[in-house]
């Protein structure tokens, strides 16, 4: 009976997923172009959020330099498209170089952070690393354009907003599948075990440092690829993409969406993209919203204080409560 | 020789400034196990309040004191309203202090504008000595003097006073401090606010050095302070003192000889030290 | 006799685990009461619950009729309870002098007299007075811990397994000191060492699986071999 119920809810989930997918496929044909762009952004940010969730949700590691992967992806795209050519071939090259670069960066970051061990030291060190990369991008004017940013043109295939919407959707779906497989794999299971109890995982004979390094690599590369897509989407890269603010975006996505759920990243990025959009729009009417970060930060603090497990966590809690209630009433009926 | 002397003064002055931030950060970390990500924000608040007061009153001392007092209160509010709610929950502490940092940094932009504001050094510190080929800026010597004074002050506070006893005891056994009838929360608030006031002092003294204050200066200096705390050994006062001097001197030397590397030098140093001594130079690692 | 510490059906928990499941006991003024029981029976948790270091779910816990439940630890201590935890709770980075000083609520004549009294009781501490506590041996730490709990005019002191990990000679000295102390101080002692328990205690309670299962006078337990083997066989 329990099994049946489980199967039933699984079927429900699947149905919901299919419906959602269908909706996503047809939406752009009815929506305004601004909405299409917003949703494309959400797709890309979802991958960025998921990459962060691997660290925070599955490894219990707070990386405050995460934006360095994301921003670097955008910069690599920008630099190669301007210095070489804006063709699809170069795009493939961008992806390859981003993977290599992020893997190397994650390796260096991991070497410094994982030995230190504690969450606190990790947060402090990664903040420093992220700031250093941002600083370098700001000073290396000849290549990055410095504080002015780097506008660039993109391969023709990505230029159409509607087409790009589908590319972003496919990108999100593919990355979700890959990351899901990764987390379900034995390696992913070990990461989960490390989060639950690192000592025990060590006693069981796992080289926890190695697994953390793998997790960081996967996370960094995913963030870098999201950065590439984001760069292509904006046709622009600047140091904001490397800033702590950008890392906070990832943090907030996992905060709102809930950690350790992966899918929560979609909810989270939808929420923050929407809020940012609204705040930025309000800016044209009320000058106070020039300082929209104020509201953004306030929202962030409130989420930390009052919604520690995010929307998805809240939703799951409500569902399980409803189920308990149902079970209770069923027993009463008997 | 002249260059050596100049770099020594510049490095020590820089080190003194970093120390003002790092020492508070380190003591807060040691006693409460909290990394305060608002420290950089408190630093710029100190700087801006200093400038605002100085431009009105033209009194150096009064402006510094005003900055410290105001930020002391701000720190106390941070601790009472936010940080105290999440003691023991490290991720939440990091997240909440980060959030406050975003809000209060943007608040600075709202009040004083997004572009840097300038301030002149007070007359009595504006001069310089020229000895041979080296220029010694009075203000830098003054910074070294203040840094030394603060270091001695903190040392005396920690070794000679009741507050210091509670801090030293609380680092090891906060529960036992309570079981002796001491309200350690009160000390937490005081130490947090005290650290904030030191950061404000840093900001207030930084503004006349560079001649301006901007909302981005906070994060930059916070990162330096973090590096000091990490290489000095988390929670070690002595470590933060030596780490600051070390970083300051190295910064001065690198900036003089290979300025293009000055951005990466700090982090490279941190990475090297962590590679050989994961607990930092003065290894009082806070494994929390 | 006047009742000092009164505990009824006390239930306390750590996280998801209920540790004390219903402890009832009473300590009168001037008494020395020993708590016996197996490892993991909840003895240490009982003392920590009294100090407010462990959360209480239900029951009553009062000192001279004033409830201690739900109050911050430092106010409980201020009611007049001295606490010597299992691992002594000595502050390593403080000198012996400072360890005593930090505990003083005021530095009046009486407090300084009490300080001189404990230093006479434990001459070791006098010798090492200005040294950092981390240089002390286990026995000396225990002495410092007990001294610290006596420095204020406490109504009762709670001592958690003072004999643990100490050499027999040291335990003997400790027993003498505790016999001296109990002449003027109420003591609640958790102890597994039966000899020390007998030397100090007048009454006993036995705790098992978080509940008080037996109580009585210490002489009764000492003379009754059957009772001993029933309870202490399991200890």
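To keep things simple, chains are lettered A, B and C as they appear, and every chain counts its residues starting from 1.
FYI, a contact is a pair of C-beta atoms (placed from the backbone, for glycine too) under 8 Å apart; a residue touches a chain by one contact, two chains touch by 3 or more.
Predicted model, so just to flag it, every value in this text is computed and none were measured.
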item	value
Category of the chain touch graph - line, ring, star, complete, other	line
Interface with the most contact pairs, given as the two chains involved	A-B
Averaged-CA centre spacing for the pair chain C and chain A, given as whole angstrom	53
Cα-centroid distance, chain B relative to chain C, in whole angstrom	43
Interchain centroid distance [CA atoms averaged], chain A/chain B, Å	33
Interfacial residue positions of chain A with respect to chain B in the complex	56, 60, 62, 64, 108, 111-112, 115-121, 123-125, 127-129, 131-132, 135-136, 139, 244-245, 248, 251, 255, 288, 291, 293-294, 296-298, 300-301, 304-305, 308
Chain B to chain C touching residues, read off their complex	162, 165-166, 168-169, 171-173, 175-185
Contacting residues of chain C [partner chain B, same complex]	51, 53, 72-75, 77-78, 83, 85, 89, 91-94, 98, 101-103, 105, 148, 152
Chain B to chain A touching residues, read off their complex	29, 33, 35, 37, 82, 85-86, 90-92, 94-96, 98-103, 105-107, 109-110, 219-220, 222-223, 226-227, 229-230, 234, 263-264, 266-267, 270-271, 274-275, 278, 285-288
